[in-house]
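In what follows, a structure is listed as structure tokens, so that the remarks can point back to it.
Residue numbering begins at 1 within each chain, and the chains themselves are lettered A, B and C in the order written.
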Amino acid sequence: MKTVSPFLELEEKPRVGVTFEGERFELPEGENLAASLLAAGVRVFRRTPVSDAPRAPFCMMGACFDCLVEIDGVVRQACMIDVVDELEIVRPGAEAAKGTDDAAK
Amino acid sequence: MQRSDVVVIGAGPAGMAAAATAAGHGASVTVLDEQSRPGGQIYRDVDRAGPARAAILGRDYLHGARLSGELRAAGITHIDGAEVWAIEGQGRVSYTRRGCAAQIEAGRLILATGALERPMPVPGWTLPGVMTAGAGQILLKQSGVLARRAVLVGCGPLLYLVAAQMVRAGTPPVALIETQTRHDLTGAARHMGGALRGWRHLAKGLRLLAEIRRAGVPRYTGARGIEIEGTDRAQAVICQSGGKTHRIACDTVLLHHGVVPNTQAARSIGVRHRWDAAQHCFAPVLDTWGGAEGAEALIAGDGAGIGGAVVAELSGRIAALRAVEQLGRITEGERDRLAAPLLRARGRERAVRPFLDAAYPPFAEALAPADSTIICRCEEVTAGDIRGYARLGCLGPNQAKAFGRPGMGPCQGRYCGLSVTGLLAQANGQTPDETGYMRVRPPLKPVTLGALAQMDGTGDGAR
Amino acid sequence: MQADYAIIGGGVVGLSIAWGLLTRGKRVIVVDGGDGAFRASRGNFGLVWVQSKGMEQPRYARWSQQSAGIWAEFADTLGDETGHHAALEQKGGYDLHFSEETLQATARKYEALKAELGGDYPYDVLGHNALRKEEPHIGPKVVGAILHHQDGHVNPLRLLMALAAGVRQRGGVVLNGKTVTGVTKPDGFCVRCSDGAEVRAEKLILAAGLGAAALGPMLGFRAPVRPQRGQVLITEKLPKMINRPSLIARQVDEGGIQIGATNEEVGHDDGVTQPGLSGLAAEAIAAYPALARAQLVRSWGALRVLTPDGLPIYQESREMPGAFLVTCHSGITLAAAHARLLPDWLERTDAAPDLEVFSEDRFAVS
């Protein structure tokens, strides 16, 4: 998933470790999560529940909901979250689907 | 429940100015804003911009720091990260902050919810790598992040501004694909009249264009047939310009053809809206002060009709004067005396709008997309679907929602509402006013059931 | 005469009847309201429901069962001919209980009704553990449930769309955006609209939901219908977590969890309120604790169309024979009956269902 990022970061900042879909990323602490993931080379943030189409940040201002990610079981807009240490981020639905399977066993 | 004389929703230029003015007259003020730091989109994160970013973004942007400074005045409580999801009664506002719900009761409510990018549905616009030009600029303002290989597509002053800022940052765009024609610009000149401000705007635009030209950024004007190519991400933009078809490879596409008022909050409380033919969007029906028709609220800033940052700041101060007068803190006479210079300044600033509106009309193809183009990004409804609903007797967007779910996703119509109204109006031969708009209801932003349930009177769901 | 039937009201009730009449070869014109009209058809909970209905009137329980029994055939036929399938699922539904007392009391009532229905009332009482096997996400506060095997649910908006398409496909005419101002019967019926439009037909059906309160008396009906507000919530789309619907929550075919509903006597106010939303959210979390982390994306208030006793009205006008009033609060459950059985009653065939108990004579002032 990590590729050469299509984005350039102008400034260097202290970084903390987060995971996205199990993969570790060092992101600038306190910065916008969506922007930081983009700069780290994440291209596809989620797949739509309607057609499984790939999506990534579109508006960066909390209006479009295309940058949705799941943190602690809650689906939220990555563009409205600041990077903090040890964030565990997954694509929406991934955790819940796992939970249902476990519970059904 | 918390209570404030004045509750302002939004901490952009209008909201910050309104808060400062109201507090300056002794009112207790609470500003609810969903961002982590004040500024709105135009002055996003202005307090944290270092010298490098400041040099790229320019003087107009740095003006925001003066306003955010005013926000720190006594009497103002700025609640950041507050997502407002319901407004009820005379001004009871429900919001969520860090996952917890809370309520505040407003003596007077000022909505300063700003603008959204006008939806620009073209084939491929849902692909990763496609963003609004505003988003591209937010990446720069807030995070110092820039697209290395971007194509800017559309029209309007913001497109040139973003391009020039990218040039200054050392990552010029791969190309500018411009949808306006020379005719749009020459036709617009007649709106300039004697307004000096119009010429100033034009001069500013020409300076930006010169910067872009010096950087050798190719421009394709009068572009048509715009499509974004790619499977899992944007890889190229196709367009026709100058009688030829062009394919421009890129990693990022930044779309823009104007901004429109964000009317979600105002609509949710029943404010009457009217179609503004010049700006191709709905705007709330307001009096001079921003007093809304149909609900107890004042509206200021771009949410009241697109006017730009300077108009927004003035409108915020004007609305606040009305609010403190209604609260009995100043007399009508004082209000009028204090407002007079602000109203004059606003009038001068607004004089340039007819020129800008005419010079940069929305991209016609995006107002009437091909049948296969997705217009509702959340529910993946196409323009052809909407036309099909019209054939099934669908006269307005609420029936369209029932038939095919446009506007039912989490964005709640923010990026398809105008498209749905426009397509139905075209198909049924009606005006946008006759066609109407989606009914906006709480929650204005999604809220977890857990946060909602915390507010339940019994505190225990097992009733 | 333009048509055999004019139907005032283009919601699920009106269109179901229209489609049913069209399948019998009748000519039908439907006169429908505008985009902003009160529409239970757009706001309902989507249940095809039998249990708890007709506790005091077994004929209503039977009528609901009859409709539920032919719903699959109705949905398949309509779906096949229009390409719009209503996503019907009939594998039972729950009445969830948070107390042993209410569970047992309800079971006793069901047992009595079952006897009156000759034993045709298939349900089971599930304790918490049995329920948990069926619904792994059920919460500890739920002591048990009644699982009624004749219950189910559909996507009511797809049904509405299928009916809108099916009626047109079969040659029915639907006039949208109309406001009916009056009906006269010089020689057949003439329906007049505010924009000057006129519709002439041999017979007339008033299926205008809450609109019947104003239009009914012009046609000689009492039409004692009133609005009752139900606030409804729907979450973001989630992976499958609820197998069968209940009156508290159901997972719709697109993935969202729909949560209902309040019962509020607030006139024609179809708004939503924070206390209403919070109460519903709390109840849903009590039933399914995992829902605490789900995002609410939409909510709405819809107005139920209720008669004083909650039962439907099927009535032919005495003042204007040939005019019929049809109103009910379960337009989704009864859609199949309205499409397949009601035409026999309207046409007075030998197969006409006995709907005598649903006459509005029952509301005669004594």
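Note that a contact is a pair of C-beta atoms (placed from the backbone, for glycine too) under 8 Å apart; a residue touches a chain by one contact, two chains touch by 3 or more.
As the structure is a computational prediction, the values presented were derived from the model and not from experiment.
Interface comparison, B-C against A-C: more C-beta pairs in contact at B-C. Chain centres here are means of the Cα atoms, and by that rule the chain farthest away from chain A is C. Each chain gets one centre point, the mean of its Cα atoms, and the points for chain A and chain B are 24 Å apart. Here the CA centre of chain A is 42 Å from the CA centre of chain C. Among all residues of chain B, those that touch two or more other chains are 409-410, 448. For chain A, the set of residues that touch two or more other chains comprises 50, 74. Under the contact definition stated at the top, the residues of chain C that touch 2 or more other chains are 236, 254, 293, 295.
Of all the residues in chain C, the ones that touch chain A in their complex are 136-137, 236-241, 254-255, 290, 293, 295. Chain B makes touch with chain A in their complex at residues 34-36, 41, 50, 52-53, 81, 83, 99, 116-117, 126-132, 134-135, 138-139, 142-149, 169, 171, 232-233, 251-252, 262, 377-380, 409-411, 414-415, 445, 448.
Listing the residues of chain B that touch chain C in their complex gives 86, 88, 92, 94, 103, 392-399, 401-405, 408-410, 412, 435-436, 439, 441-443, 446-450, 452-463. For chain C in complex with chain B, the touching residues are 10, 32, 34-36, 39, 41-42, 98, 141, 157, 160-161, 164-165, 168, 174, 176-177, 233, 235-236, 254, 259, 271-275, 277-279, 281-287, 291-301.
Put simply, chain A touches chain C in their complex at residues 49-50, 72-75, 92-93, 96-97, 99-100, 103-104.
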